[in-house]
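Both complexes shown next keep chain A, but they swap its partner, so chain B is in the first and chain C is in the second.
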Partner chain A sequence: MRVAVASERPETDPLLADAPVDAALVRMTTQPVCSLEAPHRLRPTLTADISVHGDAQLVIAILPGRKFANGAAITARDVASSWSRAAQPAASSPYRALLFPIRGEGRRLSAGTSSRSIELPLSFPWPDLATSLCHPALGIVPPSGPAAAGLGPFTPARAPGTYEANLSFPIGRPFADRLAVAFTDERGIARLWVLKQAQIALGISDERYSISAAALYATYLVFNPAKTGAEFRQAFESVIDHGDLSRSFVRSPSTPMHALLPPSLMPQDAPPRPGPPAIAAPRQLALAFDQSLPDQRSVAERIQVKLHELKYKVSLRPLPRSKLRTLWASGGYDLMLHAVLLPPTPAAALSLAIEASGRHELLSAELPPLGAIANDAERDAAARERAKALAGSLPSIPLYAQALGAVASEEIKGLHADAQGLPALDDAFIATEAPP
Partner chain B sequence: MSPARSLTAALLAAVLGQSAPTGGPSTIAPPGSPEVASALGQLAARLARQVAEASPEGPIGLYARADSAELARGFITLLVAELSKAKLGAIAVSAASPDAAEGVARDRGARSLARVSLSLDRGQLEARGDLLSTWVNFWSGKSPTRAPRPAAILQASVSADAQALALASSSIGVGSQSAGGDLNLLGATLVALPLPPAAIAAGDLDGDGKDEIAALTNDELIVFSAEGRVLARRDHRSLPPSPTPCREPFGAVAIYGNPRRIAYFSANRARGEVLAFDLARSSLRPIEPLDRVPLSRGVWGTFTPGQNTFDSEIYFDQKRDRYADHPFSALSFSDGPQSSRDSRSDAAADGGGSLQSVIVFPNGSGLWKNAASRQNDSWRLSGLGAATALVDIDGNRLPDLVTTTALYNPERDELRVLQGGPIEPATRWRGPIPRGRALQMVAASNGMGNPQHVVLGVWLPDGSGELQVFRKVSP
Partner chain C sequence: MRLRTRLALAFALLAVVPLALVVPSSFASLRKILSEQLQSRVQSATTVTDTTLRELGQSTRRAIEELAQSAALEELARDIHAHATPSRMVSTAEKLMTSRGLKVLSLLNADGVTLSSGHLPARLGDPDPALFAVAQSAGKEPVAALVEVRGEAGLRRMPALVTARSLDYGELRIWVVGGTLLDTELAEQLSQMTDARIEISSPEGLAAASGSAEPPTEDRVFRLPPSVEVKLSLSKAPIVSADKVQQRTFAVQVGIGLLLAILLGLLIARFITRPVEALTEASRRIAAGSFASQVEEKASGEVGELVRAFNRMTGDLQRTTEQLVASERVAAWQEVARRLAHEIKNPLTPIKMSLETLIAASEGSDARFRDLFRESANAVLEEVERLRRIVDEFSQFARLPKPELSRVDLSAFVQQVLSLYASPRGGIRIATELQPEVAVQVDRDQLTQVLLNLIKNAEEAVEDSGQILLRVRAVNQSAILEVQDSGPGVRPQDRERIFEPYFTTKQAGTGLGLAIARRICQEHRGQLEVDAAPAGGAVFRVVLPLEVAAGAGRAHSA
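Take a look at the complex of A and B:
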């Protein structure tokens, strides 16, 4: 199965590979302990069981015989260290918010009494923890390094961009025997498509997508109020139309965000635009963004132009994703485009949105009341309410949410998006000729 | 991309593209639990509610018409009981027609009359009719004008079950399409499964002459009575996982031997089991582990690692045989001579009964083999659906080839009975299945000499499954 991807070489560390294209490809070789069939329904992959012991503990039992792509057996210790890596300050990862309900915020995880189980003691009840562990950023990586392949439906072959079906994948080998992935730009994809050298195209703008995926890759403009001034939000909203950004400066499929969570998680309408505030004096601001994402560059340039009308002199600062995360964790930015792949459950997504906005300290106040609601629908509704209430107080402005555009040729069947909005290439297959 | 995987994947995708089932049958109740109301009982309860809401004056005459007299009688019996529960007196009315029923009801003292037509089509049991007053105004003269109340339209439908199907097929049938005119089948849901079936098998486990049905899912093996009642179940999740599991539910079940044994092997497990069925305790007792795949009685094979096919080499008891050119997805055996006008069937008949078999390959092609003929004949087939079996539809010990649609993504899956043997098979009967996509098929017997019926393992769009049964009825 030949796949063309509109991307440079993607990130391979699950903690950094959160852009939809990156996450879709990393998902092929490195998966978390479970996958999501629906927002509140998980399917264990690496684990035999995820059991909840009251409100206070989650126990993860690891299936025996599971191996990394390099042949090493996967132990409970590997799983624990993969998770605690996300929680370490050195990782500078917003995805530590997913582990916040674990005692010690997940920084001191260790294997349980058995080498095949992990006990996760909770600081407070958090029913969404099990599904949060299915987030692609929490993929289980081998001790050799986070860039090495873990356990997924495919294993990297020697030839670059080639992946072989993993016969031992716990939920069954993928349908395709082999994936050949070409990394190029949209023009290159068009050429491969015409020459029939690609059967699936990922990350392209097209009028007709082959899959319908939830747009959960949310981009926020986070700002430092001390540097931007208190009137910045009003200034920004007065000159920037979120719909215009999504329509004209971001590749489809994308949708404007007018709330802390994207439209796929909470319904929202565009509020009336405020008038421009009185700006006392011109301000010099630096806008950091992810240099590997062309959409962010376009949006950053648009923001630069529009804020210039209000006497903000914005300089652009493209950074590699890892350095961007370090800058975010340090809080030493003026403005930053910060994108995160939200989980499909509103409460967990809210925790990540708060974290991405740089208000980690708010989690201890916001999450426990939500976690105390056992009913999924009621908890989701409460999280939406809190998202509405918090939107104006967080130092971030939601801009747009993106899904991964995927187009498949007619012979490709079964391609669909999972609950996380990522295409499941392992479920796609090439239709043989119709039976005579 | 191996073709073996593509067809079932296609079928799965097709299933996922279909609409969700409505008004499904009862889900599985554990052995010993109170039985869920039958389809006929549910229909009677719904109609009784509609009658009661119209506040008719009693006693109420009940008249039902169906192509099967047994179905009509059974329904009236249940409807009388339901109305009695609602403290409404009801009497059954027999008449030649709905019009005549009005006069008969009046003569028998009924003050109201419910007239209902019953039909069973495409897996739905439906009742339609009306409720009227039989009281005649003395002053209306020669024209017996009706009173204005009660007057109501009665209509309800439920998913048919095995009981309704048995009643409907016990007399004259009401089936759908019949290509040749000599055969008609009626289908209904036998039982709902919590997960899609990976394999099914039929065999008489309790010696009553009727085949029980064993259904294997990714989690358990469930044994059902011919009527769809759970007799026993065994959770196989404690077995070690397969090092090369299959992405889809896949496996094999066989019922064989004396005393009867059930052998099963899920492609998600590293080994299978041989079980003994204990009817008195409603249990399945493990006899021994199994390291080979039970394809049929005395026929064993192996899974293609990670795929939904069996290896082409199979074993007849201990004798190895390269039975097919490629890995195959289904295999069906029949004992009788083939239903063919072709002279080659004579060779089989000379053998005094033969072992006919049909092998289905993932691309929809197949092979009809006659293991007992002098030439060990085999014929190529094409256009077979994933669910295919040899079934003695007529009860004459001549197997018919029964299959489902060969289309990739049909609007609705269908059942086809082919005739003319393997040389030039023609469609003898075809009709849609009630819902879902059929992935397995077996023939089940209802006693010696009776026609076999077709049992389908069906995957539903909501991720569950069900067993459906098709029986022969009069054309």
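Take a look at the complex of A and C:
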């Protein structure tokens, strides 16, 4: 199966591979302990079941025979260390918010009594913990590191751009024996498509998408009020049209965000734009953004141009994603475009949005009341309400949410997106014509 | 000013004057050459800059024309007609701009709204009044405009050379406005080509600059309508520096030349003036009485002839002087002998007469013989005593010993002499006006003899009553001792003669007192003078060399 991807240097670390294309590629080789078929319906990968015991502890028992692609058995220690990577402050990862309900915020995870079970004591009831553990950022990586063959339907072969089917993938082997992946840009994808040298194209902007994926890759403008001034949010909203950003400067599929959570998680309408505030004196601000994302560059430049009309002098600061995360964790930024792949459940997504806004301390106040609601629908509704309430107080402005644009040729069947919005390439197959 | 100095200065003047005449003209020529070189550079740089700016405008116009005819814009028009996703147009202009070497490109619709911007993609959807104004201007020639571009610290306005072209696709009109930035890159390019400092400025200030030009500078300004200027500056510092170096070199050369000229002049002048100076020195010695002076310098030419003539003259002078001195000495001794004989002959007559009287009396058995004998014997004895005294004084005059000098305070000396020896007769009053610390080197005994002689003469002059005033004072480098009396004074015709031996105006005088006193003064390198006192009487003045400079003391009166 020939796949063309609009990415020249894909990220392989699950903690950093949160852009839709990167996450889709990582999903091929490294998956978490479960995957989501629907927002609240998970399919375990390593365990028979993931259940909460008495609202205080979650026990995960790894089924026997579960192996990495290289044949090494997957142990509870591998799982614990994979999650601890995200929880450690040194990782500077916003996805640590997904582990916040675990006692010690997941930083001191340990294997259980046996090498096959892991116990997660909870600080407070959090029914969405199981689905949170299905987030791609919490993929189980082998002890040798995220670049090695992991837990996924495919495994990198020796030849560049070639992925072999992982015959020991717990869910079952993929239909395709091999993926030939071409890493290029949109122009290259178009050329390959015309030449019929690609059967699946990932990360393109096209109105004729083959799969319908939820736009959960949310981009926020986080700001430091001490440096931007109290009137910054009003100034920004007065000159920036979220719809204009999504329509003109960001590759589709994208949707503007007018609330803390994207439209796929909560309905929202564009509010009336305020008038420009009175700016006392010109401010000099630096806007950091992910240099590997052309969309962020376009948006950053647009922000620079529009804020210039209000006498803000904005200098652009493109950074590698890892340094951007470090900058975010240190809080030493004026303005920063911060994108995270939100989980499909509103409560977990809210925790990640709060974390991405740099208000980690709010989690202990916001999450327990939500976790106390056992009913999924009611908890989701409550999370949406809290998202509305918090939107104006967090030092962040939601800008837009993106999904992965994927197109498949006619002979490709079975390609679909999971609840996280990522394509399940292992379910895709090439339909051959029936013999005459 | 000495002749040697004059000659040295003359040599220096001869050395400097040609330099002063030649060097300034050389400077002027060199300065003119350097100035012409600068003007040539300025002209070349002006031509290069003007040509570059013209070519920039022409290439901009060509690029926009080519772009207007390209298929890319037709494709863009189709996308707009098809209501394609605007995000696809974000980078459209940037790709077109880069491929055609432009730095500014905006695709505007008929309302001036940006369809796509190459230099500022984020302008998409916004109006761009500055470039739309260029689009609406009638001319096709590139004009300068201020465009907003990204900078390190936000947006900034930069001057650009832009032109516009409109395209109509059915009802859709697209303005293609593009050009090149007049930025630091262009300034660096021009600076490298012209080796000058380039400044590009707009009404908002300096936009770009490159190169350096140390002041003072020669400037040329190129105006890009409507309001952008490109200023070219070439440094004139090398010319100024060369001028200063030349001036310093000239000053050093003149200094060294002057010094050498003076030294050489001194050497030559010394060679030339040495015989003259020797003549001068010899003349000075002759004036001082050393008639045997001869000039030993070897000289040739006129100076040599002068030296030889001078030596002949001094030889003649010495011989003549010796003859004159010998003649004077003979004459003096003749006069002394005459006077001595006269003095001696005077007592001889009474002696002869007394002896003849005695002989006559003894032959005649004169009863008065005894009385006559006694009178004649007394007369003879008296005259013999007179002769002895004449002989003693003459002997003293002739054998005056050499003075033994010692330091003497003249005022103290006068007071001491007055207290020890002077005993004026009744009716004569002796007064003093003595300035202290008037020291002289004298033979105390000889000066005592002089002073006593002068006092005695004064007593004899005032006879029974009158006043004698002794005054001591220092004038310039001389110590003066005056003895003033209130007597009748000395007649003017006798004032010089009274110092001659055996000249006296008194009955009992030998005429040697003042002669001896004057000679003592002369032996002390001094002088004895006589003058009339202001209030009558005579004043004798002893003038001696002052040993040390004495301060003007206050006179004491007794």
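Here is the rule we use: the second predicted complex is superposed on the first by the 434 of 436 C-alpha atoms of A that agree within 3 Å, B and C clash if a C-alpha of one lies under 4 Å from a C-alpha of the other, contacts with A are read in each partner's own complex, and residues count from 1 in each chain.
Operating definition for what follows: a contact is a pair of C-beta atoms (placed from the backbone, for glycine too) under 8 Å apart; a residue touches a chain by one contact, two chains touch by 3 or more.
Treat the numbers as computed from the prediction; the structure is a model and nothing was measured.
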Partner chain(s) touched by A:378 [first = chain B, second = chain C, both, neither]: neither
Which superposed partner A:205 touches (first chain B, second chain C, both, neither): second
Which of chain B and chain C A:252 touches, first, second, both or neither: second
Partner chain in contact with A:8 - chain B first, chain C second, else both or neither: neither
Touched partner set for A:65, first chain B, second chain C, both or neither: first
Chain A residues within the chain C interface of the complex: 205, 207, 244, 247-252, 284, 298, 301-306, 308, 312-316
Complex contacts: residues of chain A adjacent to chain B: 1, 63, 65, 165, 167-177, 413-414, 416, 426-427, 429-436
Contact footprint of chain A on chain B as seen in their complex: 1-3, 5-7, 9-10, 12-13, 16, 241, 243-248, 268, 305-307, 362-365, 382-384, 406-408
List of chain C residues in touch with chain A within their complex: 85-90, 120-126, 148, 150-155
